[in-house]
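The structures considered in this document are given below.
Both of the next two complexes hold subunit A, though its partner changes from subunit B to subunit C.
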Partner chain A sequence: MTRYYDQVDMGDELASVEKEVSDQMVLDFCDVWSSGGGASRFTDHEIAKKEGLPGAIVPGIMSMNYMAQFLAGWADGGQLKKLDVVFRQPVQHPQTISFVGVITDKNQVAGENQVECDVYIQNAYGDRLVGGKATVVLPGRK
Partner chain B sequence: MYVDMHCHSVSSDDSRATVEQYLKWIQVLRKRGQQVDAIVLTEHRKFDAEHDYSALSSQYGVVVLKGSELDTRYGHFLVYGANQRLQRSFDFTDTKLDSVALMQEAKECGAIAIPAHPGRFGIGFCEYVDKGPDFSDVGIVELLNGGSRRGENERAEELVGKKSFLGTGGSDAHFVSAIGTCLTEFPQNIRNEQELVEALLAKEFRAVRLEETNHH
Partner chain C sequence: MTTQELEFDRSQLGVEYDAGSFPVKAESIIKCCRALGESNPIYLDEKAARAAGHPGLVAPPAFCGIFVRGFGRPDIKLKAGGGGMHAGEVIENHVPVYAGDVLSAKTSLKDVYAKTGRTGTMVFVVWETSFTNQRGQKVADVQESFMRRA
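Let's turn to the complex of A and B:
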């Protein structure tokens, strides 16, 4: 159902979404992303540990992709204009992560209905692993 | 008075929030019955002397103070009352500052330096307190840090209990909606950085979470 600009306000939370990220999902992503670039800290737990990581991690671009999917799903009928991400902690896999967000501002800019959001990827303990600031454009009512 | 003693604006490289966005968000918190009266911008490895936030402060009714978060050999330190003398004495961009010298010099020039997020695994003051140099100048640490992972504030609490330190609270916000999540409650009004240092030295404060400020 289309989400309209006049339906949202500062302080509104975006409905959270959970996602189970498996080793296979990261392997599949890396197959496409790095054109079969071989084992790496993203796909091999032992290589990751040798690099000082606790285990294999989700590539940053993949986390960002999931975050964009979360925002695009929320902004049904709108579009994601900008997403600026800060990687605070590595996202290990396999694990279930959740996406949470909140509207921090809304403004009409150059004819666009812009909504600013803070968005986070959290682990099961609520630790915020990745943070982002997004600008979403929502439709107005005709 | 409730003061967020630790936050970062876009003047820090890893923050995505402007000062005005923080102040607008505090109006949202106030509508919910929560109270944030002042924030201290503690930018990473710098003192932001160039920006004047007095107009925004008046517009939104929030006191905006400035401090710094500096990198030392023994963890990050929050500096309050960072005046020109202190800025001349140390290269704030140095990531291996001598924390003992920093605390001493801060004391001598009317400022104060305290360990930030001491419970942070691997890099917090807890890792060094009994291994490094003489930290007898430490009397206050950041007890509640809004950016902490599970277990880190608990480590800080244990440190405070064990060493009889006093504890402050700060959100460590890097994004708009994180401002004010942890605060320090003072009995008096604080209008500038000097009064903040005096209030800390008076030792009458406590760390609180945002929810505790809701009196509605």
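Let's turn to the complex of A and C:
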């Protein structure tokens, strides 16, 4: 259902979403991303451990795509204009992560209905592994 | 170590390189979106995308970031620590990307700076890439930051 600009306000929370990230999902993503670039810290737990990581990790660009997916899903009918992401801690897999967000501002700029959001990818303990700031453009009512 | 003290090839700052051209394939969009657990049909089914008013299968909003890996970027001869990790990324979208588009990319070194915190000094290298489609429209700007410990 389309989300309209007049339906949202500063301080509103984006409905949280959980996602189970499997080893296979990361393998499939890496197949597109690195054109089957072989085993790496992203796809092989042993290689990751040799590099000092606790296990294989989700590539940063995959975390970013997850966050963009969360925002695009929330902004049904709108567009993700900008996403600025900081990778705070490695995101291990397999694990269930959750996406949370809050609206921090809304402005009409050059005819666009822009909504600013803070978003995070969290683990089951509530640790914020990835942080982001997004600008989303929502439709207005005709 | 401060930013002024960093040793790297400063003549590379702002120099734009042609990073190549990138055809946006439907199967890549679909495979990427399946890997992300996407269920919105505009990313998975061309007919559904057209029925929703799009000219073709839609690429997800951070898709351009996928192409940035593997750019043959020049050695900036940075003398600070080793290894490195992806510290952050910014994507700014201008027009949507569809299957069948052919994107061309230009990349440049935007910034190199040092920051000192509780855990020591970190050096950040920032690359900026601009994507244009075959119609000459600017599609997206992608900024990647890589961090290494000094």
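Keep in mind that, in the parts below, the second predicted complex is superposed on the first by the 142 of 142 C-alpha atoms of A that agree within 3 Å, B and C clash if a C-alpha of one lies under 4 Å from a C-alpha of the other, contacts with A are read in each partner's own complex, and residues count from 1 in each chain.
Everything that follows uses one rule, which is that contacts are C-beta pairs under 8 Å (C-beta built on N, C-alpha and C of every residue); 3 or more make two chains touch, one makes a residue touch a chain.
Only a predicted model underlies this, so the values are computations on that prediction, with no experimental measurement involved.
In the superposed model, A:65 makes contact with subunit C only, not with subunit B.
Residue contacts after overlaying the shared chain place A:105 against subunit B, while subunit C stays out of touching range. Looking at the superposition, the partner that touches the larger set of subunit A residues, subunit B or subunit C, turns out to be C. By the document's definition of touching, of the two partners only subunit B reaches A:125; subunit C does not. Contacts of A:34 after superposition on the shared chain: subunit C is touched, whereas subunit B is not.
In the superposition on chain A, A:10 makes contact with subunit B only, not with subunit C. With both structures placed on the common chain, the touch criterion links A:84 to subunit B and to subunit C. Across the superposed pair, subunit B and subunit C both touch subunit A at residues 84, 86. The touching residues of subunit A, when paired with subunit C in their complex, are 19, 25-26, 28-29, 31-35, 59-62, 64-69, 71-73, 79-87. Residues of subunit B touching subunit A in their complex: 14, 16-17, 21, 24-25, 28, 31-32, 147, 149-150, 174-178.
The residues of subunit C lying in touch with subunit A in their complex are 28, 31-32, 34-38, 40, 60-63, 65-66, 68-70, 85-93, 96. By the touch rule above, subunit A contacts subunit B in their complex via residues 10-11, 84, 86, 88-89, 102, 104-105, 116, 118, 125-128, 131-133.
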